[in-house]
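Every chain is named by a letter (A, B, C, D and E) in the order it is written, and numbering of its residues begins at 1.
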Amino acid sequence: MSDPQEVRFRGGGFAPTARRGVGLVVFVLLIALAEWGTQSGWITPLTLPKPSDVLATFGELWQSGLLAKHLVPSLTRLVVGAALGVSIGMSVGVLIGLFSYVRAGLVPLVAALFPIPKIALLPLFVIWFGIDEGSKYALIAFGTFTPTVVATYGAVDNVDRSLIRMGQSFGLSWWSIVRKIVLPGAMPGILSGLRISLAIAIILLVAAEMLGAEYGIGAYILQAGSLYDLERLFAGVVTLSLLGVVVSTLIGLIEKRMLRWRA
Amino acid sequence: MSDPQEVRFRGGGFAPTARRGVGLVVFVLLIALAEWGTQSGWITPLTLPKPSDVLATFGELWQSGLLAKHLVPSLTRLVVGAALGVSIGMSVGVLIGLFSYVRAGLVPLVAALFPIPKIALLPLFVIWFGIDEGSKYALIAFGTFTPTVVATYGAVDNVDRSLIRMGQSFGLSWWSIVRKIVLPGAMPGILSGLRISLAIAIILLVAAEMLGAEYGIGAYILQAGSLYDLERLFAGVVTLSLLGVVVSTLIGLIEKRMLRWRA
Amino acid sequence: SGKKIVVGALRFTSHSGSFVAFERNYFAEAGLDVELKFFQAAQPMAVAIASGDVDYAVTAVSGGLISLADKGAIKVIGGALSEEAGIDGQKLLASDAAFKAGLTSPAQLGGKSFGVTQAGSSFHYMGSKVAQAEGVEMKFKPLQKVGAVIGALKSGQIDAWSIVPHIAKPLAGSGAVHIIGNISDYLPAYQVTTLFTSAKNAADEKGQTSDFVAGFSKGVADYNAAMIAKTGGDDGVNAMVDLIHKYVYADRPREKAAKSIINGTMRLNEGAKLNVASIADQLAWFQSEGLVGKDITLDTLLDTSYVNTFEA
Amino acid sequence: MDIRLEGISHSYGDTEVLRDISLEVTSGQIICLVGPSGCGKSTLLRLLGGLERPAAGRVLQLGRPPEGCLNPLTYVFQDFALLPWRTVRGNISLVLEDHGIRGADAEAIIADVLARTRLSDFAQALPRQLSGGMKQRVAIARALVVNPAVMLLDEPLSALDAQTRELLMDDLVSLWTRAPFTAVYVTHNLAEAVRLGHKIAVLSRRPGQIREVVEISKPLKTRGHGDPELDAVQKHLWELMREEAKAADEELLDV
Amino acid sequence: MDIRLEGISHSYGDTEVLRDISLEVTSGQIICLVGPSGCGKSTLLRLLGGLERPAAGRVLQLGRPPEGCLNPLTYVFQDFALLPWRTVRGNISLVLEDHGIRGADAEAIIADVLARTRLSDFAQALPRQLSGGMKQRVAIARALVVNPAVMLLDEPLSALDAQTRELLMDDLVSLWTRAPFTAVYVTHNLAEAVRLGHKIAVLSRRPGQIREVVEISKPLKTRGHGDPELDAVQKHLWELMREEAKAADEELLDV
C-alpha cells in the first residue's frame, strides 16, 4: 500500500472577485497612451485631441460657469423627459402585464415602435411638439417609453404567481393584490429596466438638442462637432459619460434602499 | 343550520392569455383613423402624411426596384456591423464573466462607453474608419458592442454555479467546463440580449448612413427628411419597423431551436 | 487611363459642375479617373477631405471648414457659386404667421427668430449679416437639418430663414411661407460655395489639382451656357436637365424633377473664380462670433494659386 | 362548518386529473390526502378553496362559518408564499388590512398569534433571514390570524428538512390539541399522514380517484415514534400505493 | 481506498464552521453524516472531495484507487446538477468525454449503467421531462459510470417527495448489495441514516464537531420499516439532536 496522499484540490475559480483600482489603472493607462501618442505626433490632431487639452477645455468650461449653463437645461430635459417616458411606460407596462386585451393590442405596437430611430423623426417632432422644450421632452420621453414598457411587463410577468394565488386565497381585493403584491414584486425588474431607459435618455439628449437648443450638453457637442473642435467635442462626451455613471450609481442606491429585502 | 352553499370562486385572472387578431385590429384602427383624419383635413398634411399615400410610395419603391437597391446595402451593413459588434461583445463579455482582472479592468470602461451617443462621434468616425463601408460597420458594431457585453457577462454570472461545481467534481478541464457548461448555460441570456442589440443596430442604421451613403434605408429616410417629404419618410420608417419585427421573429425562432431544452 | 481621384458631392443642383464634367468626360480628358462619392451632409464631406478619403469637393464656407483648415488639413482652392446681380439668388423667407403679423421686409426682422442648421453654418452667417445691415437683433435657432427648419418655418415656429431659390420658390408657391427679400441685396457677390481639397493635394499635387480645376471649369462652362445663356435653346436646357436628373431628384419622375432643377438654376463661378473679399468677410465674421480662432489668417484657408480671384 | 365534495371531476385540456371524487370534511378533524405524484391532490385542494372551478361536481359549505371568522377557507402553501418585502408582522397584517383591521386592534391580534406560534421575537425579521421551518411557522400564524373555519394545507412540511419537519409536526399537534381546528392536509409522506390525520384518503394515480379512506381513532397527542399501530397503518398505506408511486415517478412529464 | 480526515477545521470569514473533525471512511462502507441545519455538513463534504481547501487539517487518501476508476471521489448533489440542455445519455457521456471515452466504448459503458439504474428507456429524455426521482437516478448513474472509489452524497434524497425517497432508498440498497461501494452520505433525515449507514456520525450545531459515531451492524438488506432496533437508534439520535436542531432552526440567517 502506498503512502497516504493528500486529496487534490480541484475547486475554485469561476467566481470573479472585485479587484479594486484595476478599472482606474486601465483608464489612466488609456489616457496616458493617448497623451503620449498625440504629443509625439504618432496620433495626428485630426484623429484624437490631446487629453491634456480636453482637460484644459473642461477646466475653462467649469471656471467660466458655462458648464452649469449647459448642464442645467440638459438635466431639466433629462428629468422631465425621462419622468414622462418612464411613468407612462410603467403604467402601460403594468396594464399589459395585467390585461389580456391590452397585451394583445399593445405589445405588437410597442414591438413595431422599438426599432424606429428617433433622429429620423426629428423633422416631424418639430411640427408635433414645436421647437421649444416640448419637442425635447417628447423625444426623450418617446425614447425611454418603449424600453420601460418592455421591462415593466416582463417584470410583472415574472412576479411569483404563487404569491398572487396566496393573495386571492386570503380574499384580498384585486386592487390590493396589484398594489401590495404585483407592484412590489415587479420592482426589481422595473428598476433594472430603468438603468437601460436612463442610459438611452442620456444618449438621446444629443438628438433632442438638435432641435433649436442654444444651451445644453448635446447642443455643445453638436456645435463642437460641426466646427470639428475635438477638444470641446470630447469634453462634452466625457460629461455625458460621467452623467451616465452618476445616474447608474443613483439607481444602484435606490435599488439598495428599495430592495433591501433581497439577499 | 343553513342550507348547503357552494364555495365561492375567487381564483383566476393575473394570467393574460393570447388574444389573436387584437394586435392587427389596433394597427388597422390607428391607420384608418390617420387616413380619415388626413382625408378630412382634421390632421394637416404637415402633421402626418396620408397612409394611402405612404402605401403608394411604398408600392412605387417596390415596383421601381429601388426598395431592393436601398435594402441590400442596409442589410449588408446591418449584418456585418452587428456580426462584428456582437461577436466581439460576446467574447469580451465571456472574458469579463470568467476573469477577475478582465472584469475589474473592463466593466467601468464599458459603463463609461454606454451613455456616449454614437451620433456625437460621427465626425471622428470619418477620420478613424473612412467614408466607405468601414465607418458604417464600425458605427453599428460600436453600438451593438456595449449592450452585448453587458448582457453576456450578466448571463455568464447567472449560470448555475452548482453545475460548474459538478463539472469540477468530475475532473472536467477548465476549457470543457467553459464550453460545455458555461456557454450553453449563458445562451438564454445572451440571446435575449441579442434582441436588444439588434434593435439598436437597426436604430443606428440611420446614423451610420449619414456618412457618405448613397443607397440604404437610412440614407433614404435622411434625404426624405431633409426635403420634408413625409410620405417617403414614413415609407422608410415603416420599412425599418418591419425589419425590426422580422429580426425579432428570427431571434424567436433561433431561441425555439437552441433552447428546446427549456420548459 | 488617368489618375484615380475621388470627388465628393451632395445631390444638389449647385454641384452640377462636377456632374457635367463627369458625364461629358471632361475629367477623363484632363487625365483623371474620377469616382463620384455622394454625401448626405456637407460636414462629413469636409472631414472626408481632411482624412484623405475624398480629394476634391464643393461646399459652403462654414466654421467646420475653417477649423479643419486651421488644423492644416484642407485648403479652399476656388469658387463654385456666388451671388450675382440679375440672377436669382438666395431668398429670405418669412413664415406665413410672421408675414401676416407684419414681417414683410427684412427691416422688420428685429426680435424675430431665424432658423439655421447649426451655429457657424452659412445660414447663420447670412442671417447675421442681414441683421447687422438692418441694425436689428435676431434670435438664431439651430435645428440641424434643413428638413427640420422647413417644418419649423411652415408651422410658424420660427419667423424667418434664408435658402437657395429652388427650395424657396416652391415653398413660397404653396403659400405657407413668403419671400421677403434677397440675400444679394445685403451680400453682393457673396461667395456661397467653394471648391476645396486637402492641404496635401493643394501643396504637393499641383498638376493633378490644376487638371481637376480645368475639367471642373469646363463642366461649369457647359452648365452656365445651357441653363443661363440658353445657347442651346430649350433642347440645350432639356439635355442639361436630363443629365442632372441622373444625380438630383433621381427618384422623382422627370417632369417633377425638371421643375425643381430649373428653379434651382444659379450661375456657377466660371473658371472657378473666387471672391476673396467675401471669403475674408466670412472669416472675419466667424472670428468675431468666437466660432473659430482669432489668429487664423486668410492664407491658412486659401490657396489662390489655381484660379483667378476677384473682389466685389 | 363542514365541507362536502360531491362527484368532483376535473381536467386540464385533454388530461383528466380528477374523477368523481366525493368526500366529507368534518368539523374539528384533520383529513389527510395522500397519493402518488401528479394524481391531482393540489388540484383538489384548489377546488376546495374556490381557487379553481371544477369541471363537474360541487363543493358545498354546510353550515355557517363561526363568529369572527375572516376567511373561512384558508391555505398554507408548500412554498410558504410569504411576501419577501414584508417583515413577519407585515406578512401577517397583510391579510388583516383588507378586512379593515388596523392599528391597535391589529397589533393585539398579531401579538397574540405570534405568541401562539412562538414567533414573538421575530416580528421584525424579513423572510430571507428565516430558516424554512420558521417561514412555515409564519405562514401558519398568518393562516391562524384570520380564524379559518377550515385550513387547507398543501404539503406544508415537504420543503423542510427532516428534523424541522419533526419539530413542526409537534407544533401542529399542540396547536390542534389546545384548540381543535378543521383541516385538509395534503401530503406525500405517509409518516406525516398517520401522525396528523383523523382520516386518511388515499388517491389513485392520475386520474385521481379515492381508493380507500382509513380512519385512525388514536388521539393525536398520544401518537409517537415507533408506535406499532401507526406503523401497521403506514405499512398498509405504502402497500396500497407502492406500485402506483413507482409508475407515477417513471412517467415522462411532457414529450 | 480509504479516506482519513485529520483535525479538519474551517471558517468562512469570521464564522467558524467546522472544528477539529477527525474521521475515517472505510472501504466498502456507507458512513452517514447527520447534524442540524448549517452545521457544516456540506462544507465537510466539499473538503473531502477537494472542492474546497480546509483552513486547518488534512484530507488523506489511503491506498490507490482501484483499477478502471476514472474519478476517485465522485459527488451526487441534492439538486441533481444535471445539464438541462443534454439528454440523459448526454449528461452521462459528459463525464466520459474528458477521459477520452467516446463512440462505441462510451455507448457500451453508458448502456450498462443505464440498465443498472433501470433508465434504459429514458436515454433520450431531457431533464425537464423527468420527475425528481428519475433525475436523481440519472445523477446516480452518472456517478457510477466513472467507477468512483468513494461516492460523496449530499442529501441526495431531500429534494424528493417521501414516496420517491422510499423507492430510491430501495434502489441504493440493492445497488450496494450487488456491488458494495464506499460512500459518505450527508442527510438530515434520521430514518435515511439508520436505513443506509454502517456508521452514523452526529455533528453538533455550528461550529460542527463530532458528538458521537454510532455503528449499526445489521446488514443493509435486512433493514426494514418498523424495525425496533433501528427505531431505537433513531430515537437515540433524535434525542441527541433535538435541542440543537430547534436552536439551529430559530437562528436568524443574516441580520
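What we mean here is this: a contact is a pair of C-beta atoms (placed from the backbone, for glycine too) under 8 Å apart; a residue touches a chain by one contact, two chains touch by 3 or more.
Here the structure is a predicted model, which is why all the values come from computation and not from measurement.
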Key: Mutual neighbours - chains that touch chain C and chain E alike   = A, B
Request  = Treat each pair of touching chains as one step and give the shortest count from chain A to chain C.
outcome  = 1
Query = Counting only C-beta pairs in contact, which pair of chains has the most of them?
reply = A-B
Task = Taking CA centroids for every chain, report which one is farthest away from chain E.
result = C
Approximate Å spacing (C-alpha centroids) for the pair chain A, chain B = 16
Intercentroid distance (Cα basis), chain E paired with chain B, Å = 47
Request  = Starting from the mean Cα coordinates of chain D and chain E, work out the distance between those two points in Å.
outcome  = 31
Where chain B touches two or more other chains at once, by residue number = 10-11, 46, 122-123, 127, 165, 168-169, 171, 222, 225, 228
Remark   = Touching two or more other chains in chain D are residues 49, 51, 73, 128
Request  = Note the residues in chain C that touch 2 or more other chains, in rising order.
outcome  = 43, 47, 50-51, 145, 147-148, 150-151, 154-155
Query = Where do chains touch, given as pairs?
reply = A-B, A-C, A-D, A-E, B-C, B-D, B-E, D-E
Request  = Flag every residue of chain E that touches chain A in the complex, lowest number first.
outcome  = 3-4, 46, 48-53, 58-64, 73
Note = In their shared complex, chain B is touched by residues of chain E numbered 49, 51, 70-71, 73-75, 77, 79, 81, 83-86, 94-95, 97-98, 126-128, 142, 146
Task = Spell out the part of chain A that touches chain E in their complex, as residue ranges.
result = 1-2, 4-12
Key: chain E partner contacts - residues on chain B that touch it in the complex   = 162-163, 165-166, 168-173, 176, 180-181, 184-185, 187, 259-263
Ask   = Which chain D residues qualify as touching chain E in the complex?
value = 36-37, 122, 125, 128-131, 133-134, 155, 158, 161-164, 166-167, 187-192, 225-226, 228, 231-232, 234-235, 238, 241-242, 245-246, 248-255
